[in-house]
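What follows is a set of notes on a single structure, which appears directly below.
Letters A, B and C name the chains as they come in the text, with residue numbers starting at 1 for each one.
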Amino acid sequence: MTDSSTNMRLKLPITCFILEIILIILFGVLVVYDHDTDAKAFNKNMKMNNSTGGGHNGHGSGTSDDTDYRNDFYYRYPSFQDVHVMIFIGFGFLMTFLQRYGFSSVGFNFLIAALSLQWATLMQGFFHGLHNGKIHIGVESMINADFCTGSVLISFGAVLGKTSPLQLLIMAVFEVTLFAVNEFILLSILGTRDAGGSMTIHTFGAYFGLMVTRILYRPKLEQSKHKNSSVYHSDLFAMIGTIYLWMFWPSFNSAVTSHGDPQHRTAMNTYYSLAACTLSTYAMSALTAHDGKLDMVHIQNAALAGGVAAGTAGEMMLTPFGSMIVGFLAGIISVLGYKYLSPILEEKLKIQDTCGVHNLHGMPGVLGAIVGAVTTAVVPKEVYGNGLEKVFPDVASGDRETTYQAGMQALSLAITLGIALFGGLIVGFILKLPVLGAPRDNACFEDSVYWEVPGEEHFEEELTAVRTEETEKINS
Amino acid sequence: MTDSSTNMRLKLPITCFILEIILIILFGVLVVYDHDTDAKAFNKNMKMNNSTGGGHNGHGSGTSDDTDYRNDFYYRYPSFQDVHVMIFIGFGFLMTFLQRYGFSSVGFNFLIAALSLQWATLMQGFFHGLHNGKIHIGVESMINADFCTGSVLISFGAVLGKTSPLQLLIMAVFEVTLFAVNEFILLSILGTRDAGGSMTIHTFGAYFGLMVTRILYRPKLEQSKHKNSSVYHSDLFAMIGTIYLWMFWPSFNSAVTSHGDPQHRTAMNTYYSLAACTLSTYAMSALTAHDGKLDMVHIQNAALAGGVAAGTAGEMMLTPFGSMIVGFLAGIISVLGYKYLSPILEEKLKIQDTCGVHNLHGMPGVLGAIVGAVTTAVVPKEVYGNGLEKVFPDVASGDRETTYQAGMQALSLAITLGIALFGGLIVGFILKLPVLGAPRDNACFEDSVYWEVPGEEHFEEELTAVRTEETEKINS
Amino acid sequence: MTDSSTNMRLKLPITCFILEIILIILFGVLVVYDHDTDAKAFNKNMKMNNSTGGGHNGHGSGTSDDTDYRNDFYYRYPSFQDVHVMIFIGFGFLMTFLQRYGFSSVGFNFLIAALSLQWATLMQGFFHGLHNGKIHIGVESMINADFCTGSVLISFGAVLGKTSPLQLLIMAVFEVTLFAVNEFILLSILGTRDAGGSMTIHTFGAYFGLMVTRILYRPKLEQSKHKNSSVYHSDLFAMIGTIYLWMFWPSFNSAVTSHGDPQHRTAMNTYYSLAACTLSTYAMSALTAHDGKLDMVHIQNAALAGGVAAGTAGEMMLTPFGSMIVGFLAGIISVLGYKYLSPILEEKLKIQDTCGVHNLHGMPGVLGAIVGAVTTAVVPKEVYGNGLEKVFPDVASGDRETTYQAGMQALSLAITLGIALFGGLIVGFILKLPVLGAPRDNACFEDSVYWEVPGEEHFEEELTAVRTEETEKINS
């Protein structure tokens, strides 16, 4: 069943080993603990204390003082773990909706995420965190690495079912690099605010992936059409992904905002945006679908658009009221996209977007960027009081006005779209290299090309066999 | 397959849109950030500081001082997320045990929870949190909104499979309102303690739902009987819900207790109550079931009764010893309820309780209320030392004695039962309006009435078809 | 289908009730709240304050001061919940890969974990935490109880599918006891460091379980061979377990380290070890498996070996670079174990290791112990600065040199192996008692021996029936 080009016996191990060994060497040369993870630096001012820690109960804990409780671990790690769940369970299971692609959805998601987070640590550190030639890492860099990984997984959603693991690894390496470049331009050069990544993560990942899938266009993909749909239980597995993404999105958007009120406010704004989005998604799904029946595709995806759309403005004084309007619109736009725009994109623009990332991440990401720019412009800085510094440090310092900041926000959207589309174009052509082993047109959306699939319930095949057999006997 | 009354093409969108637009308007008029989520209020006393935050690593974080670390976000948000998982994954997947009702279980759970948490924010804020005519919200109100939502989902369990999404939305609106009234009477007027909601959440939700399902009694429900049971994989999906509820119940009961020892103690008491409950559940399941085989219904549900029963007394000095006794009894009562009481309730009282919420939330909730009253009465206030103020502020302030407090606890149970049953009665009749589109008696417990169901494994139907066909051929 | 010995009608209830009642009595006699969970002790120095708490929003919260924010709850509980998820969801679902053993995998996991955590509280408290004859408990003891439970569940993996719930309960009681003895020798007598339990948890649990399964060797197990494999959806359920274990392993290894930098550093080291391990696992799986196709067994298990192998050295100054090397090697060793060593162990040593715990916990645990000893020896103590006290209190206090500490670490591995193997030997023979009701050789890996299994999709049986029937008709 595996032809020579899709056989990964040597290609995949060689690629994985080379990439991982390069990563290990670069980590050895470049990466050091940051202040909060380094034993010497963190305890510099601690008085030497001879009382042994030696925990009273099992695996012991040492003594603790106020400095210990100020370690950033305690103020970011719970958010990190929520983000981590979104990346590995959320994205992984969301894509298991296909009837025969569950192993690949969860499994390739797992593989490329594990690669991307390591590579992202280096790329983001290179652009943002070099101190005396060293990359300093801790929980915040771990969150940022997971964020960058999220962007790659969005692109994975666009090409889902049509690529080899090798293509995905190569895509991840390039995409992470371009992500870091774009992020550097936005956050460090332009001083843009984008805590939850409406632009840096969602818009970038979606349009990059859409361009890649455009370049990889398969005119004969209808040969695999019967597998490009769900079955009952695969839709339930996908709902695990959906619900986890939905629940933890408040943590995602707030994970790297400033401590105190911004983190709190961002989580809450996102919570209300998502709640409103869910209502409008159900409404639009019943309105547009056959006989008023709800469509799982909409529920699984569009209900999340409210989180994407609150990614930029969530940390601002958007208010729950504003957040709910944003979420409400995002749900409507997203369902309309699934229903009416996706078929057009496929027919006219030859964009085969398996998961509909344009509807979940693309349009809502652009919406989020616009909402961010508008919120920046229209909310007077007096509303923030002394808290302005945490949200718009450049405005608080007097370096720029809110309108200028809003302009930078808008410019950032344009730059993100440009880099994503251009990057996707180049990477798409790289992925066309035959050696990378894409599946044949009639073997897409099928696990057994790259996975040992267990001797499972071949009921349908057997039914056909029984039928044929019996019919033949009778005829003879 | 959809007859005109169950067709949701217009009804559901119109209802969702109207409800959401009303919510948005009311949020716009009434809701503001609380102290910990508002940029100006939270940073009032912060000295202006020109150092820009501008995170060193990717999406940047600002500077932080001690005030930031005191934001309630850091002391409640991890608990909030655990509660959130219980509401959306826990309740949602627990109800997927039915063979052909998984989409509705997770999907309607999602819809009505998203509505309820918004409406609860307003209702609870109206009764408890008005400051100068505004509702102040933050992480604690988010937890309370999720709590109220939990109550609605308990009632959903009682009517599962027999209602339209429209009926559920209407039920949620009324139930949230009544929940807030009951909660206000208990917590604000009577000064009752009920941190984990044995009364306010579980008893209320269960008896409200039981009364609703009594009013909606279907004499011909046996027409859908073959779908009112589980299949192998649906039971595994349900176990996802069970285990998450079980694991995070300590967070649930402790989420809104006072900071410090009460939160810590409540979590630990609940942990031991649940552990003991699990042992007695397995014991009783083997003892009562056929051939000593374990019954998934018991494991999925009764093992959780220990969490419900520790909902009131969990924050008190119940001790792990006391908690284990409570959990142990709760498991026994719950299994006995499933085995012997539920059939009686259905036959004699015409209460068709799909998930057996009477056994999981009803009786254990009442048990929890009684345990709470007794614990209040019998534990001397000296045991609490200076910590008394956090658990029984009215006793600490000298306003009342522990026995009086215990009386209020007992009275609260009676009030809760009264409001729940009376409310359920009224709401049940409202839900009988034909326009709300309940499924026919022979189409209950079936997703395809309200959902597009994928062209899935229709093995059994096909097998029948094969058999009939072949037989006919042979006979002819 | 149940013969008299496997009928649990009386045996299981009696055992559960007796065990739970003993536990409750011992808790009543021995267990008290620790400083952070006790109302009186924790609030000793609080000034009496008459302001009522009485939460402003629903279920109220009291006033809080700095002491409250120092409660260990806030610095350990999020990690505890992650560990809790690993124990109940992670281990439970990882073992659902078998086609017809999902109820037992999740369900027995649930039962023996609920027992073990209670018994572990007593055993660990007895050895480590007696204060004036009382066991003081709080969140740290809860984590340690979950850790000990993890060890039992590892052993469960070795005997999965071949034991009755009664055997498992008996095994748990003995294993917890021996675990506590071994832990006491290592941590308290030898002063060994093993925060994430490479030795105390993984090595101990694996070799204990391997010896038990060796003693319970079934020469005719091939009679159940057709059930000792996965089906498509059971592999997806297992991936839920895998991914949760993978994501939360950083929390596991760091859960009971000292506060501040050690907790932060341990989590980060584990994160990178796991990421590198994932890459090498995929590489080795494609390299060794048929046609270069990935094998779910490897992905589900070997990708986790990096967490096990970072269990001892994770809190040390291992650096991300070192962690990645460790994880990289762990993945390779683990896949090779599954591919080449497991068949040899079964054929030559008669060790029937259902889940391959030797490859996931055994060898990686030993590797982790060795890495721990080597890291202790080679990293100069100057690297830790003042932080040395938190990681190696005995070295910081001048009681011993790093080389001596390293020797103790190595000695601890030998002791752990000895106690595990000897303990497994004894317990294995105890479990052979016929009264415990092990399933027959042809009924292993089958839920219906101990569970009511729903009238489910008996498609294959029906297909056979159809075939036979039709054939007979034609022949007649």
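Quick note on the criterion: a residue touches a chain if its C-beta (ideal position, glycine included) is under 8 Å from a C-beta of that chain, and two chains touch if they have at least 3 such contacts.
Each chain and its UniProt protein: A, B, C = Rh family B glycoprotein.
Note that this is a predicted model, so its numbers are computed, not measured.
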Cα superposition of chain A (Rh family B glycoprotein) on its sequence copy chain B (Rh family B glycoprotein) - rotation in ° rounded to nearest 5: 120
Copy pair chain B (Rh family B glycoprotein), chain C (Rh family B glycoprotein): interface residue numbering same or different (half cut): different
Mean-CA-position distance for chain C (Rh family B glycoprotein) and chain B (Rh family B glycoprotein) (Å): 30
In chain B (Rh family B glycoprotein), residues with contacts to at least two other chains: 69, 74, 78, 137, 233, 240, 457, 459, 463, 466, 470, 474
Residue ranges of chain C (Rh family B glycoprotein) touching chain B (Rh family B glycoprotein) (in the complex, touch as defined): 2, 7-17, 19-20, 23-24, 27-28, 31-33, 36-44, 46-50, 52-64, 67-69, 71-74, 77-78, 81, 84-85, 88-89, 92-93, 96, 102-103, 106-107, 110-111, 114-115, 117-118, 137-139, 142, 165, 233, 237, 240, 448, 450-457, 459, 462-463, 466, 470, 473-474
Residue ranges of chain A (Rh family B glycoprotein) in contact with chain B (Rh family B glycoprotein) within the complex: 69-70, 74-75, 78, 82, 99, 124-125, 128-129, 136-137, 140-141, 144, 147-148, 183, 187, 191, 194-195, 197, 200, 229-236, 239-240, 243-244, 246-248, 251, 256-265, 267-268, 271-272, 274-276, 278-280, 282-284, 286-287, 289-296, 299, 303, 317, 319-321, 324-325, 328, 382-391, 393-394, 396-397, 457, 459-460, 463, 466-467, 470-471, 474
